[in-house]
Amino acid sequence: MNTFGKAFSFTTFGESHGKAVGCVVDGVPAGLNIDSAFIQNELDRRRPGLNKFSTARKEGDKVEILSGVFEGLSTGTPIALVIFNEDQKSGDYESIKNLFRPGHADFTYFHKYGLRDYRGGGRSSARETAARVAAGAVAKLLLQSLHVKVQSGVCAIGEIEAKNYDFSHVAHSEIYALDSAVEEAQKALIKEVKEAHDSVGGVAMVRIEGAPKGLGEPIYYKLDALLADAMMGINGVKAVEIGEGCHASKLRGSQNNDAITQEGFVTNKSGGILGGISNGDVITCKVYFKPTPSIFLPQNTIDKEGHALTCNLKGRHDPCIAVRGSVVAESMAALVIADLLLLNMGSKLENLQKVYM
Amino acid sequence: MNTFGKAFSFTTFGESHGKAVGCVVDGVPAGLNIDSAFIQNELDRRRPGLNKFSTARKEGDKVEILSGVFEGLSTGTPIALVIFNEDQKSGDYESIKNLFRPGHADFTYFHKYGLRDYRGGGRSSARETAARVAAGAVAKLLLQSLHVKVQSGVCAIGEIEAKNYDFSHVAHSEIYALDSAVEEAQKALIKEVKEAHDSVGGVAMVRIEGAPKGLGEPIYYKLDALLADAMMGINGVKAVEIGEGCHASKLRGSQNNDAITQEGFVTNKSGGILGGISNGDVITCKVYFKPTPSIFLPQNTIDKEGHALTCNLKGRHDPCIAVRGSVVAESMAALVIADLLLLNMGSKLENLQKVYM
Amino acid sequence: MNTFGKAFSFTTFGESHGKAVGCVVDGVPAGLNIDSAFIQNELDRRRPGLNKFSTARKEGDKVEILSGVFEGLSTGTPIALVIFNEDQKSGDYESIKNLFRPGHADFTYFHKYGLRDYRGGGRSSARETAARVAAGAVAKLLLQSLHVKVQSGVCAIGEIEAKNYDFSHVAHSEIYALDSAVEEAQKALIKEVKEAHDSVGGVAMVRIEGAPKGLGEPIYYKLDALLADAMMGINGVKAVEIGEGCHASKLRGSQNNDAITQEGFVTNKSGGILGGISNGDVITCKVYFKPTPSIFLPQNTIDKEGHALTCNLKGRHDPCIAVRGSVVAESMAALVIADLLLLNMGSKLENLQKVYM
Amino acid sequence: MNTFGKAFSFTTFGESHGKAVGCVVDGVPAGLNIDSAFIQNELDRRRPGLNKFSTARKEGDKVEILSGVFEGLSTGTPIALVIFNEDQKSGDYESIKNLFRPGHADFTYFHKYGLRDYRGGGRSSARETAARVAAGAVAKLLLQSLHVKVQSGVCAIGEIEAKNYDFSHVAHSEIYALDSAVEEAQKALIKEVKEAHDSVGGVAMVRIEGAPKGLGEPIYYKLDALLADAMMGINGVKAVEIGEGCHASKLRGSQNNDAITQEGFVTNKSGGILGGISNGDVITCKVYFKPTPSIFLPQNTIDKEGHALTCNLKGRHDPCIAVRGSVVAESMAALVIADLLLLNMGSKLENLQKVYM
């Protein structure tokens, strides 16, 4: 239940204020160059405290490789990655140990398990996503060696939406914006909600280029279904679209079908996926994040005994989780593609013959 | 890859024009009354040819129980359900055996497998969803015995959207409409696109009432992620929303958080799910279907050898797959809940003590 | 729980006296010639009633392919195989519906599920193994295309053990004997116990030739562990040995290690498996079957209410289940190898490059 | 592939001479008292260097809990346990980096992965079993809370076999002997082979008491099959017996069936398992270990390029792996039972009603 993937899989562990978070990545083919600097760099992209649009919490997020790599190469055995926690102010949470923060998992964890680690949300904290990014970095190394490229960026902050998607701009933007034309307005909105002790939602986009035709396993491990699973499972995500997404439901077939020519698909309404299988075109996916539930305005709630009270949160939180969340979405996409690349190898008898004969 | 679920799971088989479609449902607790009339009734709701808003193809969809039931009760062993195919006009497909229909999985199946069963889309046909509805009916029997209710309906056809969601109206509507006020307009639109040899998209909604708190397994088998997986895997689905969905991304935290009182949650923006776990409130999910890719207008495509040509489809197809698709979505939701009900049993030591001590 | 295998997997269903037994085989690579006569022939080898050393129960065991094959080739989609039941004398079982037959699963199924299908043991009947043989036949077709050969035979009946293992003799023996020198004595023993209304145990051996080096996934999906799982799960099996087996525990390292030369391994004490991975040598496995629990002598038992009584069985049963069991063991071995062949494809980066670049 | 179990599962990582070995235990019900001293004590039982019958290699094997425990109780989230490696003499292995040690996995890992971590066998080293014992300790804590007891001991060293099995003696024996009457002879044999620079095989026995009736999932997750899988997957194991084991194959049905009375089973030839499901009686399993492959006599082998050479091993190794192996077998048995306890909870509708209504 803490494992994602079938062939290329990873298992995560750790809580917000425990000793460490980490993951065990299984199924990495042997012979892959495991560039630890690249992995650290991926974590740095997700790391909190980078700038004023993020939480003020600072975590070094230094990743250590515990296993699975020998002389710089993957050995085919599980790669364990661990990030020891720092900058924990568990004291911050003493005041909320008995109450359920609105919009958080406090209520549901308590009812599911009968007890909960209330420090920073425990396991339900987005801190766990650091482990996903670490695993995703390994997946990206595999994809790179096969010339598959995964990118992400932020297309909307609240109601301010990108008009153009420029993935090359993302690395230059403090909020990973896809559209420099609206970036300043997006930043201003984040600043505004932060000053109002509030938060705001946003939308991330993921783009996969160079994936071979044929990825995705019908019927219950389709590429689009697996992307939806991966994305909806990220903290705070409430909707996922593939290709034309919601808008496709308003179209006619004659508008939505992508005509095929000798040069390829004329349009890409499908988002690169037909029948749950990649068609060789660019794969696109949009991920909708709710506003950060941690806000610093008074909210009505109850405590464990059911008494009504007012929740006044303190602490340090991202005013918009979509920003750092975009990196997590990108990581999850890489993990999905890596998994499907391995699973697809047995699709044709001729592939077995290439490997074994 | 043709199996869905971990504890309450089902495996499907069969193609559009093969001998049969069917499923093996595993993990059904022993002692459940298996009402075969109910199962048949569920299939009848999805069955094609019911009225003029559906395909003209008629299939009896008579389901047979091959195993797992003794003296009317489940025995704890796998329940195999089979529906033998009828009314197959394979001849219809001779003309398309070498070309790839735009918007269909023809192209991707061919590239994945090197060959394909071109008759009616083979395995990629929505005919497979009959097996899901059969399995879902067994899941619904389990849910009923635990007082959990799963319902569905159509909230939009193209741009015509329901303003109110009345699930009690659905059974009285030929298009499973949720809002009688827009139903006639929705029907008129379906009729219009059908006459224009075109098709149109639509949106289904699923609602789950009475689910206990605590369903959903963090971190990678969350209730919302599993619903997204289940829904996005249905033929033609391009987007999935939980609760407030895409709209949540435009809100502020102070608008989106559901305050908690002694009487429960004041609002239900979360769609009954916090941190991937059910909170005891009503669970809601919207499912966006693209327009039926089979349209009867000329389309540009290529054949297996890469030659350009015009595709002129014949046959009988639903002008809007969201209508019958809503029943499939409902079935998948029931299967998700059944699975999570079983998986959640081990969440607390006290549950083991209830069962074993 | 009714599924075996991860990449090449199969799910079975059906009870002894239900409508049908069958399986859904998933993960078969596309493009494999599915020879239905071969599949039927495999079932015929396991079929009851072939001769006087088997049960007198006659079942045609005619297998039907319901899906997954098009124009004689596998399409990559699940292959459903079904065998409708015949010659059911459910009446035979009326007298035992409330009691627990010693050595059978009656007692444990009743306590696990709270009810049981008492007709012929229901799901716990060895009838289910027909479905394994059907699935195994598909696996063997895949193995044949890669020049891997799986064989089996009977090496012991009671205390009468083969001295030589001649797999080419098996097809000529009514009891699938590996050693013609002891075959008559083995037959005589079966006849003797049958006339005494008793039964006797036996040992089957499986041999796999031509498997490539590298099959088996450390640490928890090792080739030997998976074989042990597959074999011990066959009805009536109480012990499994790989290579030198139990005897290895009596040896010194200097006796048990297989020296390696440029021509290969000098001996094969390991049974072709080192560290859970195939080493390219012949893989050997011995499977120990208990005597058939159905005997026609009076036995002490209790009924559902806990009353003591004498059990006097009637019916038709194999005097030695190891004979037909050897075919099941062979089928399971083929299924294990097929699964590991697919799983091993992702072991090296160069394999991915062969397939994708 | 590095994960064992479905509901109560664990994933291990780490190599003999890497930074650490460890595991992530998933599915532990919340509310279990996690006694870290008990976990350490279990590791100490398996720890090398305890006495002269073991390897001279000394490892502290100090286990750290990284996650999943809060205020001494399990929280329902994954429990990560890590053991950092000490006393690594990688230099010892420089001389063998290019050759394949007979009886070891060097040959097969190299062919499977194209490269290998040659330091101490890397991942194939029995060092990995420390992680199993850590996970097994958590399983044992769960079993204790449900009054299930798992024990183990050594019943044979080479040809010297125990006549009586006294599990209470094991804790008092340096070689975990079950029979004090043969213990000295067993010790003398170990000493003898050690002085001869050789090694010897042995047999461990596992005993489970107090397991409820009904554990084991037909058809492909049977209790006996899962035990066989778990045991055969332990380094150096070549055979597994349940109950009467191999000997059952020599018996008649009238000798092997366990009669049932109002007081329970008269005998226990079945080893507490009927039809793959526990019958409430004591569960017994024997595990046959080959002699340690690392011996200090010259052996013929080849190197990576295929050149013949003589292998002269140095280092520190157990003269008989069955001794410490018995603790691993016990741990695996506990893990199997924990997994099946969780899986069995959904077997009957009444269990769901106990938990949910």
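We just call them A, B, C and D in the order they show up, numbering each chain from 1.
In this section, contacts are C-beta pairs under 8 Å (C-beta built on N, C-alpha and C of every residue); 3 or more make two chains touch, one makes a residue touch a chain.
As the structure is a computational prediction, the values presented were derived from the model and not from experiment.
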Listed by label, which chains are in contact with chain A and with chain B? C, D
Does B-D or B-C have the larger number of C-beta pairs in contact? B-C
Centroid of chain B to centroid of chain C, CA atoms only: how many Å? 38
So the centre of each chain is just the mean of its C-alpha atoms; given that, what is the distance between chain B and chain D in Å? 44
Check each residue of chain A and list the ones that touch at least two other chains. 1-3, 12, 27, 30-31, 76-77, 109, 112-114, 123, 218, 343, 347-348, 350
State the interface residues of chain C toward chain B in the complex, per the touch definition above. 1-3, 11-15, 18-22, 24, 26-27, 30-31, 64-68, 70, 73, 75-80, 82, 109, 112-117, 119, 122-123
Name, in rising order, each residue of chain D that touches chain B in their complex. 6-8, 27, 29-32, 74, 76-77, 142, 145-147, 212, 218, 341-343, 345-357
Please output the residues of chain D touching chain C within their complex, sorted ascending. 1-4, 12, 100, 102-105, 107-109, 111-114, 123-124, 128, 156, 158-159, 193, 196, 198-203, 213-214, 216-222, 224-233, 235, 237-246, 248-262, 266, 269-271, 273-280, 288-295, 297, 299-302, 306-308, 322, 343-344, 347-348, 350
